[in-house]
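Going by the order they are written in, the chains are A, B and C; count residues from 1 in each one.
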């Protein structure tokens, strides 16, 4: 009957508008990049040649690439890890707050909503070894601060701190929400049993939050793997390539060296990397979720 | 929570946003004070005045607001509708499509610039509000779908079933029962969608032109060829934060309880 | 019905109509403004008196110039995207000599040789600047509008305090820098450095590199050959590396410095010398902007005796016309105007680096920098050359910047770094 056919097609009709926008605009570039990665494409001057897997060979033989992979994984792992640990702690603190909740929580969002370009410039100033506040404060305590973003030994640390700062509000707010929704019964029962706060936290709170933790970690990982703005302004990938993540490398290759073929290849590689990492998350997440 | 802990929280929060405080302070400083003093200086409003005359900021504000609001509205509507389908219906390829939605966000943005530009240019969508809102909606909707799906899953089916038994159509049940219960979720995702569109730079640069230039694109103009106009750029940064800050302050209550429903129950 | 009288009336009406139409069509181009879009950097707009000059142009010719402004980094990306898609949103495009590639010649931009005869005072263009915009196919494709030439900036008050003389050779410069690097507050930490350069990994580093490369007698290319790793090139690279790591006369943050930070370092008194464009001197001597007002002086860049070329980094912005734009002639009128002697004099009064020799004689220029400096700068422009244009010049610069950083961080010796740069550039040429 017509109505049954219509009923059957309802779910598809509902998702159609959204997917009709998402898939063409976001998946088409994926195919484009995969296609391009088999070509040598110099954007200026235009030169287009089919080179099969040559681009991939060149990239895999380039030690700068492997260094970028290492830096990207290091950077992402540390940023997300610390955002999670610190974020959970701060969320826990904020959860217990009694007054001025609305204000505090809005203020906590500020690093996340500030214009990335401008706030990166401010951080650049903070990290400056001579004129920046961080070293000025250290000088006050008699410590001679290092070169931060100007020293390859500390540059990765500096961009990591700034990136953590910028993204942690998202983590805090999501975890905070999770904490607020926790039911009371397990806690009452635990108190009756005489459990300590530490025990309560690790044996009750964390397990109950498992799903939300996984979601936060997944989104933040995907996002941080591609992080670009802060690193670009702070160090441009330097000094000496010490902060050159894959994102920076892609941008440089495309917009400074005008090499479309190689940058597509790098994009495909980072895509596969993200896919692999999120696949692990996804498999686990789906087990937990009600289907 | 003790007074002391509350006090510590306040100190932590202030320290946390110290860089932003720095930016606000610098927006009121005279050039000679910019790098010397932190707190003690004679303030001036000259940077703000200069910003508006030099940069025509009101125009970019208008564009940013139009684009960000349009994106927030469109992505939340489309995403919520799609999320409902993913939550309530069981249809073939559901899991696959859901994964593809996530997958679509995995390509680094910079890799999408050239192909999308060539297509949009040919279609005449560049430098139009519609074109850019469409683009940003594509970026934001996956997140909306995932979050709202969680919300809808946590609202018991029985509520809707009961309404249908009472004579409502499914649509009315959705509008009258499900949506209001998930209003916090809608508020939350719209804030994030608005924020991300407000601050987005790379695509705004390439796809906007004179008619639709947004604030992030205008900001590099304050980086002169011979140095940064620090006072003005800090003023721009301060002004750019205000709309979202006010918006999220007002939506705070919704925001927290909103995220609750969605994320925990899965 | 349609008798004689009616047709006579019809004819009159038609004639009247046609006459009105013709008059309208003839007068309209004169009445309505032709519009051209000019892709430019905000500073280009600022030095036209925030558009004052453009208004004058419009009054004279009826052509309205609409500036579309983007920041330095992004102008090329925007221009490139436009060219890539084959559309012509911008009639006139401003590019600098460090972002333009000389294989983008008359197939992308309008060739100007056939129109050059319209410019009577063609010889007034600074030769080293205009010739740099001749494309690989031999055609001139742009007219220069904004230049910069690196000078040695120094703090006169500190020089007097330590009894230093203006350095003529590079060795003198190094010893001056060492004398100026001091811990003036006595807390065990150096707070004044002798020199500051743009050390962040990128194109600007090469600006400062050039200011030492040419004084050593070096170059990037010699015809088709890559010579950046010859003796002079290695010496220049070694000098910068030593200033950083051996003599330690540059601020701790140097490897993250762009022109903005170097400018700040000088005006906050953190560094005593720089090798930036001469225009910076003007702001450094303004009391409301700078802590060193009245003490910033300029001199010729120190040279290696017998080898130095007498100039350092020179940069130039020029205006190109998109070959496929709609208003080619209007665009040509505009670029003639904005690079004319008159316009250049107007702009030099607002801090623009001129591209006309006559501008250096102008009152505005001499007043802006002082008579001594004016002479020095004019001398440098008389001999200054920009690097011979090449299709891969922007990439070559990025490559050298990357390798210099390897030398700075100690991963390679200056010689290794320059050799690697040369072979990488050679590969790019393939």
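Convention: a residue touches a chain if its C-beta (ideal position, glycine included) is under 8 Å from a C-beta of that chain, and two chains touch if they have at least 3 such contacts.
The structure displayed is predicted, hence computed values, not measured ones.
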Relative to subunit B, largest Cα-centroid distance belongs to chain C
Ranked by contacting C-beta pairs, which pair of chains comes out on top?
-> A-B
Express in whole angstrom the distance between the two chain centres, defined as the mean CA positions of subunit B and subunit C.
-> 38
Whole-Å distance, C-alpha centre of subunit A to that of subunit B, is 16
Residues of subunit B that touch at least two other chains are 35, 114, 220, 228
Shared-interface residues of subunit C (touching two or more other chains) are 77, 84, 264, 268
For subunit A, residues contacting two or more additional chains | 131
Any idea which subunit C residues touch subunit B in the complex?
-> 37, 41-43, 66, 68-74, 77-78, 81, 84-85, 87, 89, 259-260, 263-264, 268, 276-277, 279-280, 283, 288-291
Subunit B contacts subunit A in the complex at 1, 5-6, 9-10, 12-13, 16-17, 19-20, 22-23, 26, 35, 38, 78-79, 81-82, 84-86, 89, 91, 94-95, 97, 99-112, 114-116, 119, 134-135, 137-139, 141-143, 145-146, 150, 153, 192, 195, 198-199, 201-202, 215-216, 219-220, 228, 233-234, 236-237, 240-241, 244-245, 248-249, 252-253, 255-261, 263-266
Which part of subunit A faces subunit B closely enough to touch in the complex?
-> 10-12, 14-15, 17-19, 21-23, 25-30, 32-33, 90, 93-94, 96-99, 101-119, 121-123, 125-126, 131, 133, 165, 170, 173-174, 176-178, 180-182, 208-209, 211-212, 215-216, 219, 222, 226, 228-229, 246-247, 250-251, 254, 260, 263-264, 267, 270-271, 274-275, 278, 282, 286, 288-291
Inside the complex, what are the residues of subunit B that reach subunit C?
-> 30-32, 35-36, 114, 117-118, 121-122, 205-206, 209-210, 217, 220-221, 223-228
Subunit C contacts subunit A in the complex at 76-77, 80, 83-84, 101, 103-104, 187, 189, 191, 199-203, 251-257, 261, 264-265, 268, 270, 391, 394-395, 398, 402, 405-406, 408-409, 411
